[in-house]
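These notes open a run of structures that come right after.
Below are two complexes that have subunit A in common, paired first with subunit B and then with subunit C.
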Partner chain A sequence: MELRPSRRSVLAGLLGSSTAASLPGAAWAQATPRRGGSLIVAADSEPRNLNPAIVASNGVFYVASKVIEPLAEQSYDGNGLAPRLATAWHGSPDGRSVTFTLRPGVTWHDGRPFSSADVAFSALEVWKKLQNLGRVVFKDLEAVDTPDATTAVLRFAKPTPFQLIQNALPALTAVVPKHVYEGSDINANPANTRLIGTGPFRFVEHRPGQFYRLERNPNYWDSGKPYLDAIVYRVLPDPGAVAAAIEANQIQLAAFSSVPLADLARIGRVPGVAVVTKGYEGITYQLTVEINHRRKELADVRVRRAISHAIDRKFVVDTVFLGYAETATGPVPKFDKQFHTADVTTPGFDPRRAEALLDEAGYRRGGDGVRFKLRLLPAPFFEQTRQFGDYLRQALRAVGIDAEIVRNDTPGHLRAVYTDHAFDLTVGSPVYRNDPAISTTILYQGGLPPGVPFSNQYGYNDPQMNALIAKAAETVDAGERSRIYRDFQKLAGEQQPIIHVAEFTFISVTRDRLRNVANNPRWATSNWADAWLAS
Partner chain B sequence: MSRAWTVARRRLLHSIPVLAIVVLGMFALLEAAPGDAVDAYLAVSGGDAGLVAQLRQEWGLDRSFLARLGAYLAALGRFDLGWSVAFSRPVIAVVFERAPNTLLMMGAAICFSFFAGTLLGVAAGVRPGSVRDRILSALALILYATPSFWLGLMLLVSFAVKLSWFPLGGIENIGMPETGIARVIDIAHHLVLPVLSLGLIYLALYLRLMRSGMVEAWRSDYIRTARAKGLAPNRIAFRHAARNALLPVVTMLGLQAGALLSGSVVVESVFAIPGMGRLAFEAVTQRDVPLLLGVFLVSTIMVIVANFCVDLLYAQLDPRVAVED
Partner chain C sequence: MRAANRFFSGGGIVGTMLVAGVAIAALLAPVVAPGDPLALIGRPLIEPFTDWRFPLGTDRLGRDVLAELLHGARATLIVGGAAMLATLIVGIVIGTLAGFIGGTVDEALMRLADAFQSVPTFILALAFVSIAGPSLTSVVIAVSLGAWTAPARVLRAEILSLRRREFVDAYRVLGMAPLHIAFREVLPNALPPVITLAAVIVANAILVEAALSFLGLGNPNSVTWGAMIAEGRAVFRSAPFLSAIPGVAIVVTVLGVNLLGDAANDAINARQAQV
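Right, the complex of A and B next:
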C-alpha cells in the first residue's frame, strides 16, 4: 500500500487490519466536540419513499437514519450492537419470542411520547407486511405483546433465530409513530416523505432536485447531542461536480463513493480533504459472477470451477478497484467474524487447471480456439461491475470461452436476468447485510418464483444446499447456526453456483474539519448524533 | 394583433398531429425498452414476489399496452398528465416545478448567444479577412468544437473551484434562501456558468452565420448603391448589411430552442440545476412513462411557441415574408 504520512492512517480502513482502522476515529474523538454549524453533504438520489421502515436501502437510510431510529445500531465495540430505541434485548431459548426493553422518556418530533405501542405497530404493520427485507425476516411474526410502555415482546409462529433478529436490528427495525400511520394507507402516508421520528435531527424541508434540510432536535433523548445545528443534503447528480464541490469546501462530505475511485488519489492530496475507507463494513458489497444453470455447459460443476480458476482476483482488486477492495472466496465477507470461514475450496487463479477442467468436461477448443460461446451481462450498478465485465471477457477468452458482452441499463438488466433469464453469465453486486439469512441465502435457495430481483433466478436447485438453508432458518442456537452457515460457505465454494470475486464497499471523501467520521460500521447510514464540525 | 391570434390558434391546431406523434412514439419506445418502472424501483431496494406483483398492480403496469395507452389518452383529453410513479406525485406538479428553471436557463442562453453572437459576427464581417475577423473566426471554431459538458466542467473548475467567483451549482443559495431583489441577483449569479456553457456553442454558430451573411451582403448591389449614395460606413454595416445577414440567424434561433433542451440534460446535471432536462433523464432511467411524456409534451409546446415567436420576428425583419394565415 502507498504510504502518505498525513492521511495514511485514514486510508488504512478497508485494506489494513481492524486495529489500525480504528485509529483515526479514536484520535479525533479526543478533541472536545464543538456545538453548532451546518453540515452540507452531497446526495445523488432522492428516494420517492423516504420511510426506512418500508424501504430499507442505503439511499433512504442516508437521509432518514438521522430522523427515524432503529432499535439498535451496529458498533465496532462489544457484541457489535449499540443501543438506540431499545436498551436491552433477549431471546427465549425456543426461538418463539424476543423481548425488548425500550428507552424511557423518548418523544416523537411532534411532541407525543414514544412507547412500546409504536414498536408493536411498526413490527406488525410495517416491517412484516411492507418492508423489502422485513417481509422475509419477520414473516413468522405473529404478535407483539406490550405489557408496559417500555417492554415489547415479539412472538413468532415458528422458531426464529434470535441471532438473526439481532443481526437485523440496525437495518430492519426503524420505528415509526403509530399515531401518525394508524388507520391510513401506510404506503401513501405523507409522513413517508415528511418524516416524523425520534432521532437527533428533525426533517424540515425537501426541495426536489435541490436539497433536503434537517435541523437539530433539541429534545433528543441523548441529552447534549446532536452537536450539529443542521444537515443539508445537496443534490449533486454529477460525480465530477461532487469532487469539485468538496475541493472548493462547499460540501464537507461525499459519501457512498460519489467521488470516482480514479479521482481519490488526486483529491486526497488537496489540503483539508481526507479520503476515508472505513465506516461501511456493515454494508459490504460482493462482486460476483452469476451463472445461468439452464445452459448445459454451465450446469457442469467442472465448467463453473474452470471459470473461477480463470479469474485473477488479485488483478481485479488492483486494477478494477485500484486497491480499494479485497479478494473474496465466498458468500460471507471476511468482516463478518460471526459467520465467515476461510476453510473453503473456492478455485484460485490457475488458467491451466481451468483448461484441463474444460477439456475433461468435454468442451475442447475448436478450430478457432473457442470451446463455446456465452452471453455476458455486466450489471450497470457500479463502474466496477461494468469494468470487471470487460476483464472477465478477456479472462474467459484466454481459456477458450468466447463471451459476448450485452449491455443494459438498470431496469433492462433486472428484467433480462431476474425475470426473462436471458443471460448465461452476469456480473452482479449483491450486498451482504450482516446475516446470511437477510439477503444472501436467497441467492442460493432453489425453487423461487421468477421476477424476484436479487434472488436465485439462476436455475440452480441443489437439494443439499436447500436443506442447509432450511435447517439454518429454523436453528435457534447461535453456535449451531453459525456452524451451518460455515457448511453453507463450504458447499458454495465447492459447487460455485455463483462465483465470488471481490468484496468492496464505499469510500467517503470528507473535509477534515468534520469529526467523528466513520465511527461505526454503518456510519453513513447511522444517526450522526455525535458528528461535529471543528472551527 | 387579432391576426396574430388567428395564426396562433391555427398553429396550435397544426401542432396537434405533432403532439400525437410524440405521445404515441414515446409510449411505444418505452414499451420496447426492456424493464418497467417496477424493475427500476426494485433495483434500489429489492423485494419478494408478493411486493413485485403488488407494485405492478398499484402502478397499473399489469395491464396491456393498449389499455394503458387508452387510459393515458383519455386522461390527456381531460388535460390530466397523469401520475408519476418515480416521484409519487402528479406529473403536472413535478414538471411545472422544474419548467421555470429550464425556461430561465434556456432563455438566458438564447439571448446571450443571439446578441453576443450577432454582434461579434458583425464585428468579424465588417471587414472580412482582417486580423479581427481571423481571430474571431478561429475562436468560434474552437468553441463550436467543444462539447458542452466538458466546457461546463472546465468553467466549474476554473471559475467556481479555483477562483471562487461563482457558486458551484444549484439554482439558488440553499443555506440561506434570499428574498426579493437579492434573490434575483442570487439566481442570476448561479446561472452565469450554466448559461455560458450552454450558450457559448451557439454563440459560435451565430457568429459564423452572421459573418458569412455579412460577407455575402458586401457583394450585393444594394450595398454598392448605399455606398454610392455616400452613407456612413457604420450605417451601411448595421442598417443594410447586418439586417439582411440576420435572417438566417433568426431561422437558426427557432431550431436552437429545440436543441437546447437536449443540451440542458448534461448542463443541468453538471451544475445540479433542477430542470426539465434532468427530469427527462430521470424519467427514462426510472421507466416513468407518464412523466417522460409530460416532459416531452410541455417542451414540445415550448418549442412550438418559440418557433411561432421567431416567425413573427421574421416578418418584422423582412416585410416580404408575411406570417401565412
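Right, the complex of A and C next:
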C-alpha cells in the first residue's frame, strides 16, 4: 500500500520501534510498564456521532471510551466494578435514590474543573432523553441533587433497582461536560465529533477514511497514566487488510474479530502475534432464532420446541464459529453469574423428538416430505448470522420444515422484521449488556409499538412473561430481583419464544509487545490507561 | 461445406467440448449428486481427493463441493440461456422496429438504447437486483437490461441496409402488411450477425450472475458458482480450493462459450463470403 504523506508522520514512530521489537527475547524481558510509544490499532467503522453518552454502542466506545469516561468500569475482580469518575455509590432501600461520591480534582481536557453539575446535566439531559439504552433504564429519573461538587444524588419517580443502575454504570453513564453542551442542540453539538472528556487521552484529529488520533492527557487524574503517548485508529474496513497489517507489524491490535475466525489459527502461529479470546465478556452477543408468533404454526409451543430440538448447537459452535463461541440455553449468558441459571428446560438436539412434536401438533409430512413452508431471514449483521441461516435451513429440512431464505441488507432487514413483520423466522444477534433489563427483557415484553428495532416485534405476548418482567422492573432487592430473572429464564426455556443457539464475544489479535490486554470484561471499550508497549 | 469446416476447426472443437462438458455436468447433476446439494452431509473442510465419498472435498459447513459444482452448472447454464433468449427477443423486436419503421420511432428507440448504454451494465444489474430482490427471474432481467442494446443496434443497422432492397419493394407492391414484411421477410435475412452476438451475451450473463452471487445478491436457496467463491473467501488462506474450484468452472465455461461464439462467427462469415 502506498502511504500518503499525511500518514507518514503517523507511522514514523511505529517504524522506529518495530526494529527494536525484532530483537529476540527483548519483548518479554520487561515487567514494569514502559512509558511512551504510539499504539496503532485497526478501526472498521467511523460512527457519525462519536458521543458515547448519546450513542451507547461498541463502535463508538472503541474510540470514545479513551476520551470520555463513565462513572465506573466493569472489572474481573471484587464486585465486578472498578471506580472511574465516581469513587463510591450506594442506593437507598426504597429504590428512590442513588448517591454517587465523585472523584475530586478531575479536570476536563479544556482545563475546566469536573463537578457534580456535569453528572446531573449528563443524566437528565443526555442519558435519560437521548441515549439509546438510557431512555429505558433512566426513564423514571426525576431529578439529580448536587449538594456539593463531589456528590450527585439521582432521584427516581418510581422505585428503580439499585442493582440495575450498578450494572448500567459501565455502558450507560459516560459523563460529558455541561459547559460545552448546555444551551445548545445536544445532538448537533460539534463536540459530538471532537470529543471533550476527562479520560486518559485527548481527542486530537479525525481524518475521514484514514485515521483517528488521540494523545496523552498530561493532567489525567490517575497520575503516572496513561503509559502510551498516543493511540492511532487506522481505518481498515477490509478484514484481509487487517490480518496483513498485523502480520506486517503495521498495527498492534485488531479488536472486535476484525481478523476472520478462519484466519486465527494460522495468524496465531506468526511470531510476535497473539490471539486473545478474553476481554469481551461484558458485551456478549447471542445467536438467536427469532420467531414470528403471528404464524399459526409458530404460535404453538410444540412447534417452537421442535425447532429448538432440530438445532445441533454443538455443531453450530464448532463449524459456524470454529469453536470460538459457547452453546446457549437461554437469554442470560453463562458469564453473568449474577443472573444466569442452568436450570432450564431448553430443548436439546434431538431430531426424532422434533418430528414427534411436529406430528403431535398436527403438522404431518406431506407427499413431498414437507410439513409446512417458512420464510427465513438471516440478519446480515455478521458472517455467522448468514452462515447459521444456511445451517438452519438444512436443519429444519431434516425434520420436514421447508424454510426459504430471504436475504436483505441491514435497512431492509430491520424494516422487514421490526416494522413490517414480514418474516416467519429470523436469525438475530442481540447483545446482552450486563443486566437483563437493559436490552434483553425488551425482546420478550408484549405490547410494544411496531418500528422499534431490537425489541419484541415477534407478536409474542404472554401474560405470565409480561408479569415477570414488570415485577422485576420494580423489585429493589437484588436477591429477589435475581430470583425473578431466573424464573424469567425458566419460562423462556419452556416457551421458547426466541430460541437461543450460541453466545459469542469477539477475539482480539495483538502484537505481543502490547501489554495489559484484556484485563477487564469490556477491555476493547474501556479506557486503556494502563496499556503499554514493550520496547 | 466450407462453413462447417470453419466451425469445426481448432477453437470450435475445444469450445464445443468445454460447453458440452458443462452441459453434461448440469444434466447429470441429479444422477451423480441426488438430493439437495446444500445438505450438510460430511465433516466440514475435507480436502479434495482425500475422501472418495467427497472427491472435491467439503466446504465450511460440510456440504459436498462436487454436488455444489454440478448443481451450480445448472444454475449457470439456465441463467446464461434464459438471459440470452430474453436479451435477443427484446433486442430483435426493438432493432427491427427501429430499423424498419425509421423516423421518430427510430429516434426514440435509439435514444432509449443510448440511455441504457450510458450506465455500466453491471451497475444497472446491481441496482435492479437490489430493488427487485434476488431470484432467478430478477437476475435474468437484470442481465438483459444492460445487454439488449447490442443486438438491437446491430439488427437496426442490418435492417436499414436491407429495407431499400428490391425484394422489400416487391412485397410492398404485393400489398403485404409492413409488420409482416419486417418480421417475416426482412428479419431472417438480418439475423446471422445477431446470432453471433448470442455467445457474447451468454458469456457476459454468466459473469454478471457470478458477480451478483459473489456479492450476496444471487438466489440464496440454490447453489451458484459465484456464491461458492464468496463462501470460500472467508477461509481462503487455509482452504483455497473452495474458491478455486468454482473459479476454474467459471473460467472454463466462459472460455468455452466464447470459443464457440468465435467459431460460429467464422462459419457465418465464410458462408456469407460463399454466397
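A few comments on the model shown:
The rule is short, and it goes like this: the second predicted complex is superposed on the first by the 505 of 535 C-alpha atoms of A that agree within 3 Å, B and C clash if a C-alpha of one lies under 4 Å from a C-alpha of the other, contacts with A are read in each partner's own complex, and residues count from 1 in each chain.
In this text, contacts are C-beta pairs under 8 Å (C-beta built on N, C-alpha and C of every residue); 3 or more make two chains touch, one makes a residue touch a chain.
Given the structure is predicted, the values throughout are model-derived calculations rather than measurements.
Judged by the touch definition given at the top, the superposed model places A:R352 against neither subunit B nor subunit C. By the touch criterion defined above, A:K296 reaches neither subunit B nor subunit C. In the overlay built on the shared chain, the residue A:E247 is in contact with subunit B alone; subunit C does not reach it. By the touch criterion defined above, A:P453 reaches subunit B but does not reach subunit C. Among subunit B and subunit C, the chain that touches a larger number of residues in subunit A is B. Counting contacts by the rule stated earlier, residues 409 of subunit A appear in both its interface with subunit B and its interface with subunit C.
Interface of subunit A with subunit C (complex): residues 260-263, 265-266, 319-320, 380, 383, 386-387, 389-391, 393-394, 397, 404-407, 409. Subunit A meets subunit B in the complex at residues 38, 40, 45, 47-49, 55-57, 59-60, 132-133, 135-136, 187-188, 193, 207-211, 213, 232, 234-238, 240-241, 244-245, 247-248, 250, 381, 408-416, 419, 439, 448-449, 451-454.
Subunit C contributes residues 36, 38-40, 44, 60-62, 130, 133-134, 216-217, 220-221, 234-235, 237-238 to its touches with subunit A in the complex.
For subunit B in complex with subunit A, the touching residues are 33-37, 39-52, 58, 85-88, 94, 97-98, 153, 156-157, 160-161, 164, 167-171, 174-175, 269-275, 278-279, 285-287.
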